[in-house]
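Same chain, two partners: chain A is paired with chain B first, then with chain C.
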Partner chain A sequence: MKKFLSIALVLVLIVGCFAACGNSKNPAASGTDVPETDETPAVSGETIKIGLLGNTTGDNSQYGIAVFNGAKLYIDEVNAAGGINGKLIEVVEYDEEGDSQKAITGYNSLVDSGVAGIIGSVLTAPTVAAVSVAYEDNMPMISASATASAVTYNEESDTVYSNMFRSCFIDPYQGEIMATFAKEELGAATAAVLVNSGSDYSVGVAAAFVETCNELGIEVVASENYAGSDTVDFASQLTNIAAKNPDVLLIPDYYNIIALVAEQAADAGLKTALLGVDGWDTVADYVTDLSLLDGAYYCAGYSTEDTSDAVQGFISNYEAKYGDTPNMFSAQAYDAAAIIVAAMTKVDTEAPELEVGSDEYRQAVVDAMKATDADFVTGHVTYDEYNNPQKTAAIIGFADGASSFWGNFGA
Partner chain B sequence: MLFFSQLINGLQLGSIYALVALGYSMVYGIILLLNFAHGDIIMVGGYIALLAITAGLPTYIAVPLSIIGCILLACIIDKVAYSPLRKAPRISLLITAIGVSLLLQNLAQLIFSAKSQPFPSSVVIPKGSVNIGGFAISYTALVTLVVAVVSMLLLTWLVQKSKMGKAMRAVSEDMGAAQLMGISVNSTISFTFAVGSALAGIGAILYCCRYPQVSPTMGSLLGLKAFVAAVLGGIGSIPGAMLGGFAIGLCEVLVTSLGGSAWTDAVVFAILIVVLLIKPTGFMGKAMSEKV
Partner chain C sequence: MTKTPSSASPSLYEDKRIISMPVRYLINIVAIAVFMLIGNLIISEGIINRTYTTILLQVGVYIILAVSLNISTGYLGQLPLGHAGFMAVGAYVGALAWKAMPHGLGYMIIGLIVAGIAAGIVGIIIGIPALRLRGDYLAILTLGFGEIIRIIIINLPDITGGTPGLLNIPKYSNFNVIFIFVILTCYIIHTMMKSRHGRAILSIRENEIAAEACGINTTYYKVMAFSVSAALAGVAGCLYGGLQGSLFPSAFGFMDSINILVMVVLGGMGSMIGSVLAASVLTALPAMLQFLASYRMVIYSVLLILVMIFKPSGLMGTYDFSLTGLIEKAIIKIRGGSKNNAKEGQANE
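This part shows the complex of A and B:
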């Protein structure tokens, strides 16, 4: 009996462990069993509905909540200023709990309630699932946070989801930004990369960085790897890199890894300027001595230290409404709402005869979004052929044991 | 210069592996238990040291405190989870060890959250380096090496010369016969756990100084690598565990420094497989006939 009990306890523990890590990789369902949505539900002349699709409960719901808050802040501001040419925007929310299947259900539910466009989803997997259905409907859609390239481009069928946009930059784009930054602002002639070979994020950013370095004539003298996010020893890789003494070293990974690397870089005698990406955010809380990072730079979607009116205005409005400092996701969601509302306003102004929700209306909004070329809180946005934003990145630099906003950089 | 730096890197990594591997090997040697909770005891040691230092305790109190904490924890685990199963099949004991490991990890996650926390390493070992013949060695590396070597010498003395050591060797040879000779088997086993965990505690401090971060899962990969080191050296053998630890550490660094950083883990585990195929008992393990 005792043995049985201990085995049962172990089983409970193991199951609990798996339950905690699972739930992220539900396969995207195909759109075959989705009800027809061609008949357009009646939309009142007074309001235009915009759907918010995201996870506001369950694991990772902090992202979904931040996104919803940011988007609703913008929509409230537009409504307070009279809406879209006098038509107020009505927000319809759907919580898909981070689940791919529920994201499709949620998309259909939003379509049934007559939304003219959708902001969402939040996590990559549900967004990919939802867009596979939304593409059939040509529903104007924009995600504030899904960074995988698969969100706007299906590699298997070589299809660009022309109706799908995003306001965040994709992972590899940060590699391009940092390579260009190294060349133009730091005058780097040689570079090295230290890559987490167990992370798509790290590998993708590093590959883009190396490619851009080659284009710009920066010589990549060392490319070192480590096995995964639980690696703690980087001494031998850093010793190798230190022997080559490159001008810059890119480490595309998250803050906890960076903290460990920073400590060991000093021991390895590395004097190279470190470069990072948005995973570095909050690294200052993890390094025992911030002066270890002196001379390092990383790029992020936005910085609260940006003193521009747009950013500071957004921050103070957000704080007034929610009593909390907005993070990158809220800022990108605010911009996502701005991009889709601007497109709707343009269509409403230039072609008021189009019935909201009709095929022609959707195509017109998609075209208007594609033509976006304006300044937003998180930077200037234009779209490339894959509907990925070509935007500026906030560069954060370290000097004299402190981090500060360096400025916005990039296309 | 490069070779020398890499050698120091390897020795430092290896001495931490060796200290942890010793704990595995000693426990296995005496009750044939693969104590998978060993890595998590290191994690607990790390958290105790972190809490003690952030509470403002000086290093000379915080470090012994964390070592004592590890010893107490191991004795409690032995009493609660392992000793009721002494006569049970070995597989039950193994599964219990995995259960304890998961329990400790999840408990730590519950108390300290899953996020990793910075460890104020410079409080324990100051930053900086000494020059030996033109080569710079960081204080951390120097202290790690010295502490590891001293611990191993002490352990060898304890096992080979002291009365308790004699009892440990007797129990590992034949538990029943040892009991008949008047050796208290249970307290000997507890003592073995305590010694192994003291080494884990020392390992935890050195580890946290080298990699200044504590997280609930920090012990799992370290434990796995140390386990490989123990098997490589011949599990159950104390000099084997030391040799295995240094071999794994140096091997990892060697592979990386030769430009194969993407292959480090693969090469290490491949070596393990090859060694086990050629010499299944490891470098220094004794072939034991299965008792029927």
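This part shows the complex of A and C:
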């Protein structure tokens, strides 16, 4: 009996593998609703595939889901309007679980399914791993959320990954913005940082913040570390910082950490204004008492309270489709999709003879993306020599137990 | 009864061997060569696409990790939870060695050997105090060690690249390299376990006190098994670096150690073919089941639960695969079958 069962289980495992082999030849479940042909103007039978690479399960999967939702919203809108010159866009998704090894598998899987460009990946490490392979293929790629500078620029070999773009600003840029903001708007003279030494994101922002502080004449009086994202107790670090009583304290980490720190900061007697970066997005949903964050500011790609038409139109469409308010990652993903689709449309219009997926096509799309100069939901985007977008940051402030849009700040 | 052609005095073991050792080696070498040729052909001819090529290479690395962990888990009977730590030591030492040396086949092999030795030495250093403990105490100690390695890597950014990662690692790990090292690893472990040392290791698993009473230096053999396991994990780590081209400390966390342990337990502790099979399936499964979206996590978990309920000793138990053994069985069956047929024929007459 046991022997029979074990043989049966082995068979199930093996058959499962082969069944999957057969299935995955077809593109993975397409997430977009392809509209009826008769409703849309001049739709040809052709489709162009765009890959979505990100983490929709596992730790931090809310970022991946937000990115996928934002990108799919834009692609649905394009398809409803007739696609790229009549060619509908087909979305191919791959979930890499935030793992750098699975990101390479996922990238190759997307290439095998014949995508013309990829939106992704979401977290920094898988993106860096995937781009090292994608660079060899010159595959047009745009990340909506990978903020480390190593994503587009390999410092060691001094090469810019010319095929890789992003629609978010980079870690150092956020550090510079917050240091400048502290100096110019808050009049800070002393600053401190609380860094997650296990997160390249946190380390990158803090390093740029400290550097800019030194340039601007803000004295950095304390720099405290904690070991990783699973840290729950910050009492000793906060007490050390409270003893120095700096004007501002930068905590470059994600909302879940901030929720813990905000509560413990009060216990440690810390009365410093907290500064944050885009990882703070959605923090208001996680802090039990928002008044704990009074006086804090963080920078983000966009704010839902921005009254411009582009932002409000995006928000209402997103709410209609998903029944939820879009966060910054959805907005940046929406823009990432807009940038890559705009580039593909340009190539399709100017050089329709290029075969989708050929080397010349990829190079043409990459060139078109590099030349991006237009307004998007999260601001006006142009690319610098490192393929990093030059754009303003939305500053969100906390006062009287509520968060509000302070304004746009920066370049 | 059949006699071994080479042996004049048949013993209990030799009785079963109807194929002589040189022929056994020849059969296995031919089988390996055929597999290698098939592997090269299906990749170069594009019969399997890039996705499956990538998965195939990753499977190779995880086979080495699983069979090497099987030494200390399956054969030695301990429960170390720090295998990803040894993998990390090998990966970083190997990658740094590769980056420091010029490119070339010889340098690649030197890098792999250096990685193996480094992980092996760390294995000895950890093994001497750790193996005084047993069971859950050893598990916790090795778990702590794995985390220490990861934290050290994070906090040496000038050497290891820290959290932003070590980039630009030469991508040496192609199919042939990984295939040869999978075969080498399995061969080393197989011959070790068939030798006096392997028997000593098995006796410690069965009964440590009895083994000690028989004059086996248990500390020596435990540390030896542990460090061989670590050294091979180091080689696998180095191959992993050569496959990825970049290394991040987050890839060597506690859950990665657990993943490798799950492969060994699922395959059957003490069964090499079990480890190979489980490593292959569990590495390929997440990529193969992409079309199921998040349901694949449920399938993965349900499979593990089912196996543990119905086959707690793992899929393969302690069974080990032997190609020549299989051929021998077939020969015996055919001969036995013909004899039986003859007997039946006589009976009918």
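In this text, the second predicted complex is superposed on the first by the 231 of 411 C-alpha atoms of A that agree within 3 Å, B and C clash if a C-alpha of one lies under 4 Å from a C-alpha of the other, contacts with A are read in each partner's own complex, and residues count from 1 in each chain.
FYI, contacts are C-beta pairs under 8 Å (C-beta built on N, C-alpha and C of every residue); 3 or more make two chains touch, one makes a residue touch a chain.
Keep in mind that this is a model prediction, so the values were computed, not measured.
Colleague: May I ask you to decide whether A:Ala129 touches chain B, chain C, both, or neither, giving the answer as first, second, both or neither?
Modeller: So A:Ala129 only meets chain C here.
Colleague: Can A:Gln101 be said to touch chain B (first), chain C (second), both, or neither?
Modeller: second
Colleague: Can A:Glu176 be said to touch chain B (first), chain C (second), both, or neither?
Modeller: The answer is neither, since A:Glu176 touches no partner chain.
Colleague: Can A:Asp278 be said to touch chain B (first), chain C (second), both, or neither?
Modeller: It touches nothing on chain B or chain C.
Colleague: Is A:Ser197 touching the first partner chain B, the second partner chain C, both, or neither of them?
Modeller: Both: A:Ser197 reaches chain B and chain C.
Colleague: Between chain B (first) and chain C (second), which does A:Ala268 come into contact with in this model arrangement: first, second, both, or neither?
Modeller: It touches chain B, and chain C stays clear.
Colleague: Which one hits more chain A residues, chain B or chain C?
Modeller: With both complexes superposed on chain A, more residues of chain A are touched by C.
Colleague: Figure out whether A:Ala227 sits in contact with chain B (first) or chain C (second), or with both, or with neither.
Modeller: Touch partners of A:Ala227: chain B and chain C.
Colleague: Shared contact residues on chain A for chain B and chain C?
Modeller: Residues 2, 6, 9-10, 13-14, 16-17, 197, 227, which sit in both footprints.
Colleague: Considering the complex alone, what residue numbers of chain B touch chain A?
Modeller: Touching chain A from chain B are residues 2, 5-6, 9-10, 12-13, 81, 84-85, 88, 92, 95-96, 98-99, 102-103, 106, 116-122, 127, 129, 136, 138, 140-141, 210-213, 215, 217-218, 220-222, 252-253, 256-257, 259, 261-262, 264-265.
Colleague: Which positions of chain A touch chain C when the two form their complex?
Modeller: Going through chain A, the ones touching chain C are 2, 5-6, 9-10, 12-14, 16-17, 20-21, 23-24, 26, 28-29, 56-57, 94-95, 97, 99-102, 104-106, 108-109, 111-112, 124-125, 128-129, 132-133, 148, 150, 154, 156-157, 197-200, 203-204, 227.
Colleague: Show which residues of chain A lie in contact with chain B when the two form their complex.
Modeller: That would be residues 2-3, 6-7, 9-10, 13-14, 16-17, 197, 224-227, 230-233, 235-237, 239-240, 243, 256, 259-260, 263-264, 266-269, 285-289 of chain A.
Colleague: What part of chain C is in contact with chain A in the complex they form?
Modeller: Residues in contact with chain A: 49-55, 58, 151, 154-155, 162-165, 167-168, 240, 244-246, 248-251, 277, 281, 284-291, 293-294, 297, 299, 303, 306-307, 310-311, 315-317.
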